[in-house]
């Protein structure tokens, strides 16, 4: 384990920035935190969640896929993939780090999504352990340990320094480039012990997931409770867009004036046109769309991925849904607790 | 108040006067309240709530609910009644099918503001007059209720209900609000500063459509941004000005019909002060065509939907600056 | 750089056949004149006109055709309208093949086959029919029940009459919904016709058509004693990526683009009824 004092953090960031694009969570004037490219003067926010999850780094809201030039009956196709500059993300929380492995299961399974893969390969994740979890946190429900997050390098914020520990080969390689001061784990171990006590007191920390999973498909799909759960859903895309594991996308064409740009962008199963075809729509009302989102995370995803749930308990949907409907309420209601 | 409302709801359900009640439902915590439709006394006893966090404007749900058979009871706060009237005047709601119970409101609290003061981990919260006591996983706090009020409530335009069948609690007055102060501040910026201000705010937009979907004035059956044939259906900012256009077009579409209920800004996950765009329109309409409050009178013709020969025709490009 | 599935290839339309008032069949090859890619009967491809749209279409030609691919496309939306206005020589973009296809070389081998199609539903089956005709010795009897609104709406009518109907060991049963001048064949809906014909249950059934036709035909087959494990169908839902990632064509935990479009009917019973 190595450490870097708060005073020296800037020079460390400077050093990282020489070779990599460095991103850190920063507070904006709306009082919320966002990952932004680090530059002198930018400080690391202590907020637990950035508004937008860290999935943006690998799966941005929109990216160009290909462009076309049309000339009479002929079409010219240009591959729009660009070389990705190596980058480092500092301060990613345990929930978001876990979301990467969930996204990997989608995008890195055959046939591999090369847009995602290129960014994933070039990105180094420095995670940051949580010390003051929120009442809306429930990552522990899904077996995530926020005191010892996954990532290429994991970090803890101490009293006057950050502690860093290499996890993967990529992480260790970066750490060795940085030649930081070796140290022991005393403060880190104390912090972990302390945080664990708080985790035990989280109101949503130990949600029961036994009622969900790939083998519960029919009974959950046919539950009568979807009607009341979905009745006030606005059909907006907030939950899907702030969610670190939501990865549905649309492919659209845009006339640039001198050609056509085909891009991929986030889409939401909550939207009415998501499954709309020229001759019909299998999900006609908000009930079906709402059900799809939660069935995907709690049933369909586990069915295809050895039981792993498609939720990391980051709590963003709890904080951001305009009508305060969220996966926790859905789970509790389906189980008959609400 | 909450008990009186629950009794009223149960009474009208029991008598068969209404088939359902649109109200607010308790959440997991003390603040995450969900709009809900209640159909029996048990549901009301278990979940109905009316407190500092019942900010959601329920009027838009009437479009869907009032299409069904039977009558529904809806609880409306003073500002919600303006949206209700506006929807009536646009023939979006069948008045006969709604029983409006006006409920008084002394301003709603913005949980984000509280979190900014006390941090994360709120596990208990109680309001006592001017003070709010908050208990978090880490500490206890007492904050001034006034400091935690939602922006739209700080600048409340009216405590008066403009529509109801029955009123619970006291009737209030139309207030002399300072709601245009911030608009003036933006007007006083130079064109470049103003452009920069909005570019910065709107750059955070993720096109989640929450503002549009919650907006009682956005009641089109098919929004232009959802219409494949409109040429405006891009779901993400494909150009650096895309999301700006979305909000500008939306503000134009609701101009003259927006009652300034403030739901757009309440629901924006990115904290964009969208209400300021609408307020600018309201302020300009007031200046150009005389004071007009959308929703105040369901029979009134809005200034943008009526024409007189004396109507000023302001240039699109102002000659200011 | 490694190949990216979302980046399409070029195709050239070399022939356009007018099948019915709203169905045309397009012949597509690569710019070098060869086939753009190989496929299995029942698989699909994403065709696109940049700026207009991209959509999934079943490949209606058989893989045994070594020269080109064909797509029978019904005019029903923005992109298909555009495709119908194309002229020969027009380039399109194409990517694929997608989906599982029919188990022509495993489950179907040696079986008696009963094809049931309605309207444009013949398009994906034509690929299988011509494949099994090509390898005729590997399969048992072949029965084809095909119905449409009218005589004019029968897709591939010429091929049916001139090739399928005259081939020994291939029994073609055509029907149209209403009486029509010049038609002396059967009149009536496909589900009823299937029941009237009363097939022996020693067959594997491949069915495609409008959902309502499939629903009633399945009921009829069940009355005749067919088991759902004997019946295969091919599904269509909105698709964007074609590779099970964009998240919209799922029925329960199965993605139609990747796990389908071909399903055995008992497999569909295990999934939610959301299609």
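The chains carry the letters A, B and C, assigned in the order they are written, with residues numbered from 1 in each.
Definition applied: a contact is a pair of C-beta atoms (placed from the backbone, for glycine too) under 8 Å apart; a residue touches a chain by one contact, two chains touch by 3 or more.
For clarity, every value in this text was computed on a predicted model and none was experimentally measured.
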Middle chain, criterion being Cα centroid separation: A
Taking each chain's C-alpha mean as its centre, the one farthest from chain B: C
Euclidean distance of C-alpha centroids - chain A vs chain C, Å: 39
Between chain C and chain B, distance of the C-alpha-averaged centres to the nearest whole Å: 51
For chain A paired with chain B, centre-to-centre distance based on mean C-alpha positions, whole Å: 30
Per-residue multi-chain contacts in chain A, two or more chains: 250, 267
Contacts with 2+ other chains: residues of chain B: 228
Two or more partner chains touched - positions in chain C: 78
Interfacial residue positions of chain A with respect to chain C in the complex: 65-66, 68, 70, 73-75, 77, 79, 81, 106-107, 109, 111-115, 214, 217-218, 221-222, 247-251, 253, 255, 260, 262, 264, 267, 269, 274-279, 282-283, 288, 292, 295-296, 299-301, 303-304
Residues of chain B that touch chain A when the two form their complex: 27-29, 32-37, 56, 61, 112, 116, 119-123, 136-138, 204, 206-210, 212-214, 226, 228, 233-239, 266-267, 269-272
In the complex with chain A, residue positions of chain C that touch it: 1-10, 50-54, 76-78, 80, 87, 89-93, 236-238, 240-241, 243-250, 252-253, 270-272, 274-275
Chain B partner contacts - residues on chain A that touch it in the complex: 28, 30-32, 34, 48, 51-52, 61-62, 132-136, 198, 201-204, 228, 231-232, 234-238, 240-242, 250, 252, 254, 261, 263, 265-268, 271-273, 318, 320, 322-326, 328-329, 332
